[in-house]
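Listed below are the structures to be examined.
Across the two complexes that follow, chain A remains constant while its partner is chain B and subsequently chain C.
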Partner chain A sequence: MIDEKTVRDVARLSRLEVDDRQVEVLARQMGDIIGYMDMLSRIDTENVEPMAHVVPISNVWRPDSLRPSMPNQEAIRLAPDAEGEYFRTPKVVSG
Partner chain B sequence: MNKWEMVIGLEVHSELKTRSKIFCGCSTRFGSSPNSNICPVCLGLPGVLPVLNQKVLEFAIKAGLALNCRIAAHSKFDRKNYYYPDLPKNYQISQYDLPIAENGWLDVEVGDGIKRIGITRIHMEEDAGKLVHAGSTITSSSHSLVDYNRTGVPLIEIVSEPDLRSPEEARAYLEKLKAILEYIEVSDCKMEEGSLRCDANISLRRHGQTKFGIKTEIKNLTSFRAVQRGLEYEAGRQQTILDEGGVIEQETRSWDEEKGVTVLLRGKEHAHDYRYLPDPDLVPLEIDRQWVEELKKQLPELPSARKQRYIEQMGLSDYDAGVLTASRATADYFEQVLAAGASPKGAANWVTVELAGKLNQSGLTISQSPVPAAQLAQLLKLIDDRVISGKIAKDVFARMWQTGKEPEQIIREEGLTQISDDDSLRQMVEQVISQHPQTVADFHAGKEKAVGFLVGQIMKLSRGKANPEIVNRMLREKLLEG
Partner chain C sequence: MTMPYYSIGEIHTLLVSRETSAEALCRDYLERIEKINPEINAYITTDPDGALNAARAVDRLLAAGEDLHPLAGVPAIIKDNICTRMLRTTCGSRILGQFVPPYSATVVERVNAVHGVILGKGNMDEFGMGSSNENSAFGPARNPWDPTRVTGGSSGGPAAAVAANIAVWGLGSDTGGSIRTPASFCGVVGMKPTYGRVSRYGLVAYASSLDQIGPFAASVEDVAIAMNCISGYDPADSTSARTSVPDFCAGLKKGVRGLKIGLPREYFGEGIRPEVSAAVMAAAAKLSDQGAECTEISLPHTEYALAAYYIIAPAEASSNLARYDGVSYGSRIDGDDIIAMSCKTRSRLFGMEVQRRIMLGTYVLSSGYYDAYYLRALKIRRLIKGDFDRAFASVDAIIAPVVPDVAFRIGEKTDDPLTMYMTDVCTIPVNMAGLPSLAIPCGLVDGLPVGLQIIGRPMAEAEILQIGHCAEQIIGFAGIANKTKAGAL
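Showing the complex of A and B:
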C-alpha cells in the first residue's frame, strides 16, 4: 500500500535520512498504519459532528499584555551556532 | 495584450498591531535589537504551550466584517510544515480548512466605474523571523544570521478571488485594502517596514475564454509600484511565451526591483507540500455571534462611505473626496480643519494641494505635519476675510511650515496684509499705465490680453499684496476713462 518511493518522499519532506533497509521496514509499517486508518474510514460517521480536538474545550485565550522575554544571551547560548546577538545557520538562498 | 486577458489574484499579509505576539507575551515592537523579543514559546522550545492572544481574534473578525466576509462559527489553527531557518518550529501555526472569515468582497474604483473584487478568505497566522545575510551579498556570504523578533507577530492573510484584470486594478485593490485596514485600526500597513506584504498570482487567457491559464506566483513585491511593475513585466513575459506557441511553467518567481524583471525562485517540482494538520496545542474556537455583532457596531465609517458623504453633503469633487479619504489620517485632518471653521472646498483644496505637496517634499506623514489643522483653518479664514490673497497665503503657509508660528503673527511681522486701500492702488495703476503706452494702445485696439499683462505688472509692483479684484476693476475704469 505504501511503496518505497512514498517513504523516501516523506523522509525528504521531514529532512530524515533513511537507508535502504529502513525504507523496506518503514514501508511495511506505514502501510499497516494507513491500513488501520482505512478500517476506521469504514465506520458510518453520518451523524457524527466533526471534531478538531480530543479535549472538549474551546476558546482558551489570553489578554493582549506583555510578559518579559528571555535575555538575548540566554537564548543564544542554547543555539548550536551563533554570532553576536544572532543565531547562525548555513547559508540559505532560495525561499 | 489585446489578444490576451490577464487574470490576477493577490495574497496580502498584514501584521496586526497588537502589543504582544499571537501566542506569547513577547513584544511586537519593530526595530528592537536582534533576538530581544523572544521566549521559549516563539522559539518553539520543547514542552511549551501557545495561548491565543484574544486581540488577534478580535482584529481578524473586524477585518472580516469590514471586508464583507462571513465570520466562521467554528474555527481552528493548523500547522503548516516546511523547513526554513526563519521558522524555528519547522512549522508555522496558520489556519487551513476553517479560516476565521470567508466569502467577502471589496469595491474598487477602476477607470470610470466601480468593480467588486471577491475576497476568498482571511486567516490568522504567525509571522516568521528575518534572515540577515552575513557578508556583502547573498552569494558571497557563507552563513545566514537569524533574528527571531518577528517570529510570532500576528498576521492576517487576505486572499482575493482571481477577479483582477490589470496591474492597475491590482494596485487599486491593494490601496483600498490598505485604507480599510488602517481605518479599522488593526494594522499600520507600512509596506516599507514589511507590515503589509503582497504576493500576486497571474495567468493569461484568450479573451472570451472562461478556463484559466497556467499561473505563476510573484513574490517580493514590496511597494505599490512594485506590485504594478512586477505584474506588468510578468504579463509581458507570459505573453511572449504564449505568442511564440510556448507553454507557461507553473512556478514561483521573485520580483527584482533594480533590474525590473521577475526571476525564477522555484519550479513546480520544488513546490512545497505543507502537510497541514490540526495544531493539538491550540483548542478550537467557537465564535459568539453576539460578540461579532458588537464588533460590527464598533467599526468606524469606512472609506467608501466617507467619500460618498464628502461628495453628497459637502459638494466635493469625486477626485478630491477620493484623495482625502484614501487614508484615515488625511480624512481626520481634513475634518479637523472643518471643525475649526473652514469651508469644505477651501479646506479640501489646501489639504490635497499645498499641504500634500509640502508633506511629500519633506517625506512626512500627515500626522507629523508641522502645521496643525486648527492653524490651517485660521489661514483659510484670513483668505475668506480678504486679509490676504490666495497667492500671499501660500507664502504665509510656507512660513508657518518653517516656523510653527500662527498665520496672523507671520502676516503682522512681515507686513503681508493685502492692499485694498484705494489711494495706494490708484497710484500703482497710474504708474503702470504711464510706463506701458504701447500696451495701453493695444487695449484700445481691442486686445483683451493687454489687461492681463497690466494687472500682472501692478501685482509685481505691489509685491503680490494688491487685491487683484480691485486692481482689475480700477485698471479697466482708468483705461476706459483715458
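Showing the complex of A and C:
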C-alpha cells in the first residue's frame, strides 16, 4: 500500500514535481508494483549473501599518471547555461 | 525500390569484387530510410553526411587495394543511448533532446576503426526503460510485420531497422531483455553478450550492473561477425572482462551433435502462450534430430526474478539518473533557485515511465524499506544465479522462449505498467545472472514472429552462436521472413 503522502515524499527525494492528479495515479500504480514485489517475502533469504554484481571485481586500478582530458570548452559547450569557463545556475544558497 | 536482404558477407563480396561501391550502397540505404522510416520510425536521427563520408573512405581503401574488414562499408544503425561523437544522442528522451556527445562509445570507435558505415541512431524507450519502444519521446517505432504493433523494446529502432532492411546490422543494449525482446517481435537475430564481454564505455547508464551492449542482424553469422568487432577488454570500462576473445565465426558450422540442451520447465508453463511454447519446443525437437540431447531442467527461482529486477534496476536508475539536474549538460527548465530548476527540468523533460522508475528506486532504497526490498532483491539475485550455475553443471546451453507472446498492439499495455513489465519475464533472469543469450526467430504465430533464446555459460557466446546457427539452418526462418516482410512494407 502506497499512500499519497509517500508519493509526495519520494517525489521530493527524487527531485521531481508531481501534481495532484499524478499523485493519485502514481499511488495506485506504485502500490500495484510494490504489492507484486511483496511476493519476495515468501522466500527465506536468511542465509543468502546479497549479490550486487555478477562479476566479483573489487578495486580496479589504473596508473596515477597525467593524461589528456576533455578540453574545458568542449564540456562547457554542452551546458544549458554558461559564462566563460563556468556553468551558470540559479541561486544555490538562499538568504 | 526493392533491396535484397543482403548478408554482411554478401555485401563484402559485392564491394571487394567492385560490383557496387560503398557510396552507392549507402545512398540506396539512405533512400530506403527516407521512404520507409516515416512509417516505421526506427531512426531518431540519420547522419547522411557522416555515413557517406565513411562509405567514400571505404571506396578509397578499395581503390588503394587495401584488405577490407567484413563490416567495412556495411550500413548499420546504433541505438540512441550509445554515444556518437558530434552526432546527437537523445536516449529517446527530451532531457537529452539536444545532446551532442563530445566523445564516442568504445563500440562506436571499434565500428569506425573497421570502416563501418553508421546511418543513424535507433529509436528506443527513454533511457532503455520499456518493453515496447512506446516510451520514446520521439514516438514508438513500429513493427515492420504490422505497423499497428509494437517492435518490442527498448531497442526497438535497431530491431525494426534490420527487419525492414533499412540497416544491415545494428547495436542495441539489453538490461532486462532490451535486445532479445525486439529481436523476437521483429523476427531478427539479437545477442545479449555476457556482462563484461563488450565495453559499456559511452553507453548511457540505466542499471549499470545489468546493462550490456550487443548486436542485431538478420542472421546468426552476421551477429557473430559483429561480435568479433565489438568484444574485448576496455580499460575505460572497469567492469569489462580481461578474457580473451575467440573468433565467434570459427565454430558456427560445427553442429550440435553431443551437446546437452536444457529446457527449463518454468519457462514453458503458465503465462506463456501455448503456441509460443510449441514453436520453441518444435525447434528443440529439430535440434534433437541433429544430435543434441534435450532434457527438461528446473530453474526454481524463476518466478521471483521479475520482482527482484524491478527493484534492482529502478534502484540503480534512480542513482544513475540523478546526474540529469539541468546544470552541466542536457536541457534545462528555469526555476527560481537550483532545486526548483532541477525539479522542473526533471519532471517536465523525463517521461512518466522514467519518473515512475526513479521514484520506485528511491522508494526501495529509502530508509525503512532498504532491507525489505533492495537487500532482499540482491539475495534473490544470488539464488537466480545459483539456479543457472547448477543447471550448467549438467547442460551446455538452455533454450527458452524470449517473450510469452507475439508483438502486441501499440497502446494495448500502456495504461498498466505492471502488465507491461510482465513482457520481460523470460529475459530478465539472464541479466540478473550476467549470462549471454542469443535470440533467434523460430516460427510465426498469427503471422507474427516468435523467438527462442539460447542461454549459455558465462563467456560461452561461441557455443550459443554455434547452436543458434544450426537451429537457424533447420528452422529455415529466413525464407518465411523475406516473404512476409515484403507484404508488410
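Just so it is clear, the second predicted complex is superposed on the first by the 78 of 95 C-alpha atoms of A that agree within 3 Å, B and C clash if a C-alpha of one lies under 4 Å from a C-alpha of the other, contacts with A are read in each partner's own complex, and residues count from 1 in each chain.
FYI, a residue touches a chain if its C-beta (ideal position, glycine included) is under 8 Å from a C-beta of that chain, and two chains touch if they have at least 3 such contacts.
If you're wondering where the values come from, they're calculated on a predicted model, not measured in any experiment.
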Chain C versus chain B, contacts on chain A by residue: C
Touched partner set for A:Ala52, first chain B, second chain C, both or neither: both
First, second, both or neither for A:Lys91, with chain B first and chain C second: both
First (chain B), second (chain C), both or neither touched by A:Leu66: first
First (chain B), second (chain C), both or neither touched by A:Pro80: second
Which superposed partner A:Asp20 touches (first chain B, second chain C, both, neither): neither
Which of chain B and chain C A:Ser41 touches, first, second, both or neither: second
On chain A, positions contacted by chain B and by chain C: 13, 15, 52-55, 57, 60, 62, 70, 75, 78, 81, 87, 89-92, 94
Interfacial residue positions of chain B with respect to chain A in the complex: 18-20, 24-27, 33-40, 43, 45, 51-57, 74, 76, 81, 83-85, 98, 131-134, 138-139, 141-148, 219, 252, 254, 265-266, 273, 275, 278, 280, 282-286
Residues on chain C engaged by chain A in the complex (per definition of touch): 99-100, 102-103, 195-196, 209, 235, 238-239, 241, 301, 303-304, 307-308, 310-311, 318, 322, 325-332, 334-344, 346-347, 350, 355-356, 358-360, 362-364, 366, 372-373, 375-383, 385, 417-418, 421, 432-434
Residues of chain A that touch chain B when the two form their complex: 13, 15, 52-55, 57-70, 72, 75-76, 78, 81, 83-95
Complex contact set, residues of chain A against chain C: 2, 6-7, 10-11, 13-18, 26, 29-30, 32-34, 36-37, 39-41, 43, 45, 48-55, 57, 60, 62, 70, 74-75, 77-81, 87, 89-92, 94
